[in-house]
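First the structure, which I've put down as structure tokens, then a few questions once you've had a look.
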Amino acid sequence: MGSTVIRNGTIVTADLTYEADLLIEGGRIAAIGKGLAGDETLDATGCYVMPGGIDPHTHLEMPFMGTHSTDDFGSGTRAALAGGTTMVVDFALPSPGQSLLDALKVWHNKSGQAACDYSYHMAITWWDRQVFDEMEAVVRDHGITTFKHFMAYKGALMVNDDELFASFRRCAELGAIPMVHAENGDVVAELQAKLLAEGNTGPEAHAYSRPSSVEGEATNRAIMIADMAGVPLYVVHVSCEEAHEAIRRAKMNGKRVWGEPLIQHLILDEGEYAHPDWDHAARRVMSPPFRDKKHQDSLWAGLASGTLSVVATDHCAFTTEQKRNGVGDFTKIPNGTGGLEDRMPLLWTHGVNTGRITMNEFVAVTSTNSAKILGCYPKKGAILVGADADIVVWDPQKEKAITASMQASAIDYNVFEGQRVKGLPRYVLSRGHVSLRDGALDAHEGHGAFVARESQGPVNRALSSWKALTAPRPVERSGIPASGV
Amino acid sequence: MGSTVIRNGTIVTADLTYEADLLIEGGRIAAIGKGLAGDETLDATGCYVMPGGIDPHTHLEMPFMGTHSTDDFGSGTRAALAGGTTMVVDFALPSPGQSLLDALKVWHNKSGQAACDYSYHMAITWWDRQVFDEMEAVVRDHGITTFKHFMAYKGALMVNDDELFASFRRCAELGAIPMVHAENGDVVAELQAKLLAEGNTGPEAHAYSRPSSVEGEATNRAIMIADMAGVPLYVVHVSCEEAHEAIRRAKMNGKRVWGEPLIQHLILDEGEYAHPDWDHAARRVMSPPFRDKKHQDSLWAGLASGTLSVVATDHCAFTTEQKRNGVGDFTKIPNGTGGLEDRMPLLWTHGVNTGRITMNEFVAVTSTNSAKILGCYPKKGAILVGADADIVVWDPQKEKAITASMQASAIDYNVFEGQRVKGLPRYVLSRGHVSLRDGALDAHEGHGAFVARESQGPVNRALSSWKALTAPRPVERSGIPASGV
Amino acid sequence: MGSTVIRNGTIVTADLTYEADLLIEGGRIAAIGKGLAGDETLDATGCYVMPGGIDPHTHLEMPFMGTHSTDDFGSGTRAALAGGTTMVVDFALPSPGQSLLDALKVWHNKSGQAACDYSYHMAITWWDRQVFDEMEAVVRDHGITTFKHFMAYKGALMVNDDELFASFRRCAELGAIPMVHAENGDVVAELQAKLLAEGNTGPEAHAYSRPSSVEGEATNRAIMIADMAGVPLYVVHVSCEEAHEAIRRAKMNGKRVWGEPLIQHLILDEGEYAHPDWDHAARRVMSPPFRDKKHQDSLWAGLASGTLSVVATDHCAFTTEQKRNGVGDFTKIPNGTGGLEDRMPLLWTHGVNTGRITMNEFVAVTSTNSAKILGCYPKKGAILVGADADIVVWDPQKEKAITASMQASAIDYNVFEGQRVKGLPRYVLSRGHVSLRDGALDAHEGHGAFVARESQGPVNRALSSWKALTAPRPVERSGIPASGV
Amino acid sequence: MGSTVIRNGTIVTADLTYEADLLIEGGRIAAIGKGLAGDETLDATGCYVMPGGIDPHTHLEMPFMGTHSTDDFGSGTRAALAGGTTMVVDFALPSPGQSLLDALKVWHNKSGQAACDYSYHMAITWWDRQVFDEMEAVVRDHGITTFKHFMAYKGALMVNDDELFASFRRCAELGAIPMVHAENGDVVAELQAKLLAEGNTGPEAHAYSRPSSVEGEATNRAIMIADMAGVPLYVVHVSCEEAHEAIRRAKMNGKRVWGEPLIQHLILDEGEYAHPDWDHAARRVMSPPFRDKKHQDSLWAGLASGTLSVVATDHCAFTTEQKRNGVGDFTKIPNGTGGLEDRMPLLWTHGVNTGRITMNEFVAVTSTNSAKILGCYPKKGAILVGADADIVVWDPQKEKAITASMQASAIDYNVFEGQRVKGLPRYVLSRGHVSLRDGALDAHEGHGAFVARESQGPVNRALSSWKALTAPRPVERSGIPASGV
């Protein structure tokens, strides 16, 4: 690969906006400045040159009820690149009883198809001494520094409060970060049973079974447990004001919590489930479900004010065929929607074009903040000399209507069908390779590489110091017991 | 028993303050007016004539680790009467697997000693079809309309979220009210183990193991579950801002929740556990533990503003001897303190004398609100013709220093030792019987009667209507599935 | 007037629901019990017998821009009685420079027409030594114990922060209660000018000029000033979450604040101003304007939880003709809507019938709480022997559609036109006089009497004690200045 | 000036921590990398190399009651450099009626003495057309893009709400940022008079006259006015939870507000005013006054969570002699304390060493965030090639006790006297000049240069877009008025 220069663009990072060219050599940024030259020149006139997007939350080829989510590391990363995203972080999901290291091998096998870089979070789906021990190897030997916990999916992935506490404490020791899918699984299961018994079997009942207060409660609980364990917390797919309120309340008490809204929850609302077409509604079944406008306003305010940190997709794409598994019983509809290709154009359109967030905030929440929190900054998420050349050249004038017929994803529909976006990638580079060029993908299966990440980030270390300083200490007593009143 | 007249006093109720005499016949208030006459006359000159106190939360002769709390229905109700309280509500605690109705018999046996009236809450300490069925009999046949749930005491009394949900729904059906002891039992157990392992074995570690955030979390969770189950909730011993905040947040969303602070948490703070004398600290071990001043301010504000509803004691008195069971291991110190005799004088001194609450609010939170919430108003908690003559004639000038050496309780110390109070009962009448007369008790074992209570109170009924009106409904669809995008 | 008995009804008060008959003699309740007899018998079978409504906020025959609000004490009190309200509290409004006592005379002249009882609040529209002095006479000689302050209407009624502070302190000394119309008048004036300049001249611009945040700010400010002055505060027409939040925040810190939502804000929303018909929109112009649903939910939750205390109307009725004064300039549309006749049926329909509030809470917020806060309980707002026989016999099965064509109010429209209500008065008694009988008014001009009220209520006294106890005290110092570092 | 290299240090920025050398040429950073060489070498072994501190809030040689604050641009900037601060932003204060441009000249005359770089905020102390017009020149011609407004100091600097609104709107038009000193000046004046009248004349009464609720109220009000005017807001010296709460509440609704706590409020508490030595207390008189620990915790949490943005000093140093002007009348004690030399060591000691904030957050709040918000990033506040070489080489092992006897400030005491700090500058460079070398100052009067700043920052632009998008629009109507009901 020769050198590449991106010319005449305006560089936009999480902190800065300035005019400069970029020189790329060996897959990295080699120089930033005016008048640079290289073997190939990409014209960025009228464009913003930004760090490629990082989607911190995807489920590619995720096993589910004997099948898998349809977008695998091949089609999923193609969709990512098509929309300006150059790195995804997927979830390695051990089965109950399965070794974490075995699960990791399974995921490494799948990810061979990836056309852009990727990393994994490791899920803690069960608990015993083996898991405790393997967590160290996962962090130290594999550079996987984030552990996901499901507070829902009772009887499957769900872990209880004592397991959460034990795993969170282990994360604290290892300088790792626990993540939670925060919904009260006991209550969801009870509501599902009650709804089915009452004849609420359609996809709208999926939303009825997972009200925002159920998410808010679990978020609040996970925050308390993380605080007791002395570790920062990352809350995935924050969809509602109640969860966001719990996060704000934690922060106002000095706790360290990050919240991740999804592009779906920012744009779509619960009205989708009232659609008379069953397929329409079922395709939008995901957990948490879409919420009403009040919640959307809350999420947008969180992005602007910094109480929420990153925007993800939870991309987990099932075909209409797969969704129909749940006809007559909403609990059998596979949970998940797509979004990898659309995340950045939608956020730009609804966020930057309206003035709800600045361009710099756009870069922060689509890329830089993920890299910082997850421990791979400035290799990723940065326009700095030495950083990986994961870059998107963004054309703010380019427009389209989103449609399944043109998407890279392998499924047969798109939950944003028909929405117009303004602001789309002109070029997308993955470690220097021009993977998208004016709408045409040139994505190579296997081009993507695994990104090992750093543990013991500054927030972990600071919090550990503070917890050590304020730890309980025994009261000095002379005789025990001593009399007195 | 002949008639009694209380003369020349000022009647103070939850809403009114006015001068009138009271005529008592047959254990009830027969007339309220000026210039009444009867067989016996009690002079209330300079005094306030108020409904006798109701303590909604006691544990008399409660079984614990092979022994029992030392104050039984005899000494406990004597202590109550000595301090102006004329009714206590105790907790019937079935062992795991024990029939609710059997537990009720056990409690009825103990309460034969009572010198003032009493009722019970029934605890739900396990869950299956039998419990579900017996709850109906408990409510309908026995007039016990409140069900207590422990979210702490893991491995003993604790019930899980699915059991809470099931029991709360059952309460909703029966028009009963669920109550919770709100602390996250999983986390408490983990913290206890961690503290012991670190050498934190003293009574102060009891407080370390139950931080306010652990209480706040459980309160928040119980509120959510009650809301999902469609039933009001009563949170016992609210000791901290976090729990109070959860209650306020619920109310601000239209939820129906009552909070009960204890007199101990209003007056005493966590500094007690730092006392160099082990006995001093151990005697104050209760759950939740005492908190710092910030929390006290929150509780007082709650009483004045109505976000907290009643003041109780959780009276559960163990001797120093019993407390010493936990030397070397704080988890073995029996949990509980006394307070029955001191609740009203302390609340008057710190509340009414300072202006933090009005006299009417004093009556509300010590008596009337409990009667209303628990379903025995205006038989109890009222100065109305026809109401039981449970009356306290309160002398606002009478003073003393609290001391164990003079108390009615059977234990050997008092956690309020040395505190001065101003405002004490001159007379206390239990269904017309003058049980306290200028400091001298005339309390008869067995005088007390069981008070059956009403279910389906107005708040239960209103909430059920609202929940029915807003219940989830299926979306109408023509064909399922139907195509569409 | 002979005696009257109300038979076979269910008495509903702010605390209690029970079956009893009422005997009325000499305009007062003479007996409550079973099987009572009197000269006249009113059948209350199937009905609730409740204290007559008290509307704490009306403007009858209020001077405005050279005209007056069209409903005067005659038609206004007829409307009140027609809807179950038996007492109104109007605002005496001195002109700038006018003696408070002179204004009082003017109001007494107008109120001669009243068909039900009434009282006044006194407005403080200017400030100097004379006002300071006359406030004492107003309280002590006239039994007017509440003083209204306008934080809006710049250049007319508005007073500034230093005047608020001075007047609030005077209230504290007198044991009186300050009230505020809370909107930032400076900002409203600026927004009005800006909107007119931009061509926003229609009635919808009235709403644009008074956003909820402008009300929230002023509420927050008034609360702080009252706290500094050491006096409780009554906030009229709380219409939005921001104002309600400020009140809740105050209460959570132990401050004493009452909030009064209007029936209009509970039922109607801002969509009314978008109506294509100018008259429709202009008729709904009032301050604060109608808000969106989020605010309505907040107000309803406040009524259920007690953070809001009473429901009023701010009845200030202008004809369409008068409203048209503001064609082409929304600032000239007279502010005000009607509601006196509809307040109770609407609150019952939307509150009690849905389960949002209980029947007892209905009585509290329509009647009893006003009487308590304003200092005329239990003369008013109570079903007690000796209380004034201001009574409504409420038929929960009676239905109608609201229509201007049938109303007692003198104006030509009704902002609730077409709304169906279920729950209406069968009889309404004003001091024993049957003023409404099955829909037929028998209201006598001049029957209404002025109600003098009590100052130094229990909340005022408690707060004064607390403020004295916690007042700033000088630090003891030996020499001043003394050296040191 | 030849080239300088800083060798063997660890570079710490607001985002990143990494090992590299720095090459400085011509007062700017010329290169960042390993193994750099230059004319002079500074050894940074064991040190952190950070952007020099920016103090966004100082008052050097500020006129006051016929005298001036004692630290002028000479001694003040020497103190700054001694503590690692390389830029100060002072306040140009026009007298009422004085041209803004004239005031600017006065300030430029004073600042000739500066030994480090500086900028100004312009105060709006009065309002008319001239001020409106000159604001444009101030922004466009002079690069002063921030306008300060005093909501306190009634009769002197205070402006009213209508003036705030007008000035804030002007800021919106100009892409400038309004700042507020937020205390309710009317209420402070009333409380001052009341306290003096009651004999509260000592310095502690200064604190009594400015309670936290008075600051919270004004903060809340300024936020509302800025929102109505459509402009971001910067709140100086946020000292208390109430003000912080108002800021958080604004952010949670998507508003753009920055809060600036002072190092004094983070470290010192109200107990200082109870000191028996008058001088001790008077030296600590500043507005807002010190608060209790609850408020300190709130401020620290704000720094960690990002709801507060920068740490300043409000350095305004008066000698003991000057303070004694207020003997017998606390309102005559000049308001202000020092802190320029101590801000960074204290924040490091209490923040980084304890783990309350990370090193990167330390850089953000002491330097980078100010540069971004105020419009001079990355010229200032950055370690980037091309940035000004304003650099501090920080030795985390260096310790001292703070003492007036060793300070650069010209006054005779230090409010932090005796406090131990760990973490101090080894070298401080101002545009490449080594101004501090191992504790020895080499600060040249006049070396400092004025920094012009950029208006129309990204947050201003985004907010303007959003406000335009959501601006009120007239309702379309056919005929006005049209009939209808």
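Note that the chains are named A, B, C and D in the order they appear, and that numbering of residues resets to 1 at the start of each chain.
FYI, a contact is a pair of C-beta atoms (placed from the backbone, for glycine too) under 8 Å apart; a residue touches a chain by one contact, two chains touch by 3 or more.
To keep track of the chains, here are their UniProt names: A, B, C, D = D-hydantoinase/dihydropyrimidinase.
Remember, predicted model here, so these are calculated numbers, not experimental data.
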Quiz item: Using each chain's Cα centroid, which is most distant from the centroid of chain C?
Solution: A
Quiz item: Rounded to the nearest whole Å, what is the centre-to-centre distance of chain B and chain C, using the mean of the C-alpha atoms as each centre?
Solution: 37
Exercise. Averaging only over C-alpha atoms, locate the centres of chain A and chain C and give their separation in whole Å.
Key: 51
Quiz item: chain A to chain B: how many Å between their CA centres?
Solution: 46
Exercise. Please set out, as single numbers or ranges, the residues of chain D touching at least two other chains.
Key: none
Self-check item: Touch-based graph of the chains, sorted into line, ring, star, complete or other
Solution: ring
Quiz item: According to the definition of touch, which chains form touching pairs?
Solution: A-B, A-D, B-C, C-D
Quiz item: Mind pulling up the chain C residues that touch chain D in the complex?
Solution: 160-162, 165-166, 184, 186-187, 189-191, 195, 198-202, 204-205, 208, 211, 213-214, 216-217, 220-221, 224-225, 227-228, 245, 249, 273-282, 320, 324, 327-328, 404, 413-414, 417, 472-485
Self-check item: Touch list for chain A against partner chain D, complex
Solution: 14-17, 248, 251-254, 256, 297-298, 300-302, 304-307, 352-360, 372, 377-378, 458-459, 461-469
